[in-house]
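Heads up, the next two complexes both have subunit A, just with different partners, subunit B and then subunit C.
What follows is the complex of A and B.
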């Protein structure tokens, strides 16, 4: 069965955008880590995410360039990117990362939440890394060879990420009274962003039907079990709240993404086509 | 002029391309060269090199790509095509034994086990000190100055050292 090409492209962007936005958030810690070794750890992890984002954006750009002209128009509405597209140019990974506005980004809301402090940062990674581990494990089986290959490669790195963030949740949760209180607060605050990780949007459903994408409902119980085990050891409680934030995959983002992109994209927007 | 350059010759030339971070290791030691094809036509030779990246974000891969081009173009190859192959994913199991010996002599502990024999989620590798060979060592951080290395310290000779992670 023929898969609408733009849906595969959108699926790739969902994954790529998660990697870029979270990678960028982690890179904001560079030079500000609580101790040198953790500064290095986080920037290493950020680099892994950025590397994965690059592979995925390269694939997304290749897919976009192959689309027939009339299919290219409706995908993005960011003026800076549309300018390049209308000029007939092929796009590349940098165009996708630097010339899209917030409404064209497909990352989940969890990834764009601010760093705040070490506890909040570790909790965001903990929730996301655990998801990522099970997500890539499944994506390795994709009928799309490129996505499967990227998943296989990334899974090795993500295993280290999950381990790092889990260890920190335990250390802070089962730590001092102060660290326990603060990380429990972070868990409570960010819990509402975990539901979106498992939302099967239109694009997810289409890709699953074609054996390209992951069944998020299938991996959710593994995520829950894993999260609970670590939180138990950390003496932390799981919030009772069931209401979940969503909208990232459809381009409806929290106000934080705008500021994040202003920093990330500034140089390219101010000095178009500049290179290092 | 340079006609009938063989695959073997190209492999020899590739062995002069080193990892920019760990210059004792060649890209052949690292096991990232997957395939070499050579096409001789008239007086020109075109090379097709397939490599597999180590870590997703490894910045050395771009430098290695440049190194491959320079090594081959300067020796008479007229065109160098470099192809990235993502699957099967690169693993430290592809590092040569010679590479591991060079690493230890350089002061970096080589990968201590086969990657396809993974650790439990919270287990740590017990890595011998590359300087004094003591196994009385401890991990400082799972992450180091480059994506591929973790930080250890030796509790006997007191020196810190890096471990090339089993990946």
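What follows is the complex of A and C.
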């Protein structure tokens, strides 16, 4: 069966964008961690995410460059990137990270939410790492060899991420009165962003049909079971509300992404093609 | 007063790393952690991120008992003139190479 190139490219970008945006958020803790050891732990994890993003962007760029010209045109609508594409240039991983505007990013809203405090940071990672663990576990079986290989390599890192964030949830939830109260608040506030992780968009459906992508409905019960086990141990309660935020996978983002990209992309936008 | 300052600090741990299977664990340094599990993870992140190790031991620093530096002359100096304690007075056959 012919696999639609555009959809495979967009699928690769979804995964890459999650990794870049969460990696960038975690990197904001560099030099600000509550203790030196955790500062290093979090920076290591941020770099794991950036490493995964790089592999995926390289793959996405290679896919893009192979497309016929008329198919390239409609994929991105960010002017800075379009300008390069119209000039006939091949794109690379840096172009994808630095020259796309918010609407071309397909990360889930959860990953772009601000760090706020240690509890919120831990909870965001806890929800995402648990998802990522089951996601990469399945993606290892992808018929796309590159994605399967990236999944296999990343899974070792993600297994540790999940262990790290789960332990912190337990530590804070089952800690002092104040730590319990604050992390429960973070869980309640971030809960509405967990539904989107399992939204099967058009791209997800097409890739699943081609045995490239992951069936998100299949991993959802694994995620729920894992989250609940940790939350029980942490003496935290699962929020009752089932109303979920969504839009990131379609390029509709919260206001936070714009500020994040402004910082992430500033140098390349102000000094195009600069290197250091 | 010093104790007051330290009350909210995590205890200190000593970290030993085995660089590869078959070798000894060697003292790598120390760090702070709330408990043993966190100490192992912190050690993983602080001391093995450049492929330094395949196994980690941690022990809370307060459980290490050290000799008193003030007693070092009576503890260690007497060994200085006991060369006969080194097994250097045996004649080894030439075929023996790995001694």
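Heads up, the rule we're going with is that the second predicted complex is superposed on the first by the 276 of 276 C-alpha atoms of A that agree within 3 Å, B and C clash if a C-alpha of one lies under 4 Å from a C-alpha of the other, contacts with A are read in each partner's own complex, and residues count from 1 in each chain.
The criterion applied here is as follows: contacts are C-beta pairs under 8 Å (C-beta built on N, C-alpha and C of every residue); 3 or more make two chains touch, one makes a residue touch a chain.
What you are looking at is a predicted structure, and each value in this text was computed from that prediction instead of being measured.
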item	value
Overlay on subunit A: subunit C relative to subunit B, clash or fit	clash
Partner chain(s) touched by A:17 [first = subunit B, second = subunit C, both, neither]	neither
Partner chain in contact with A:129 - subunit B first, subunit C second, else both or neither	neither
Subunit B versus subunit C as contact partner of A:196, first or second or both or neither	neither
Subunit B versus subunit C as contact partner of A:112, first or second or both or neither	neither
Which of subunit B and subunit C A:40 touches, first, second, both or neither	both
Contacts of A:167 with subunit B and subunit C, given as first, second, both or neither	both
First (subunit B), second (subunit C), both or neither touched by A:153	first
Stretch of subunit B, among 26-34, 62-70, 116-124 or 152-160, that runs into subunit C once the two complexes are superposed	152-160
Touching both subunit C and subunit B, counted on subunit A across the two superposed complexes	37-38, 40-41, 44, 163-164, 167
Interface residues, subunit A side, partner subunit C - complex	35-38, 40-41, 44, 163-164, 167, 171
List of subunit B residues in touch with subunit A within their complex	53, 55-59, 86-91, 115, 121-122, 140-145, 147, 151, 167
In the complex, subunit C residues that touch subunit A	10, 31-34, 37-38, 41-42, 45-46, 49
Contact footprint of subunit B on subunit A as seen in their complex	37-38, 40-41, 44-45, 47-52, 54-55, 145-146, 148-150, 152-154, 156-157, 160, 162-164, 166-167
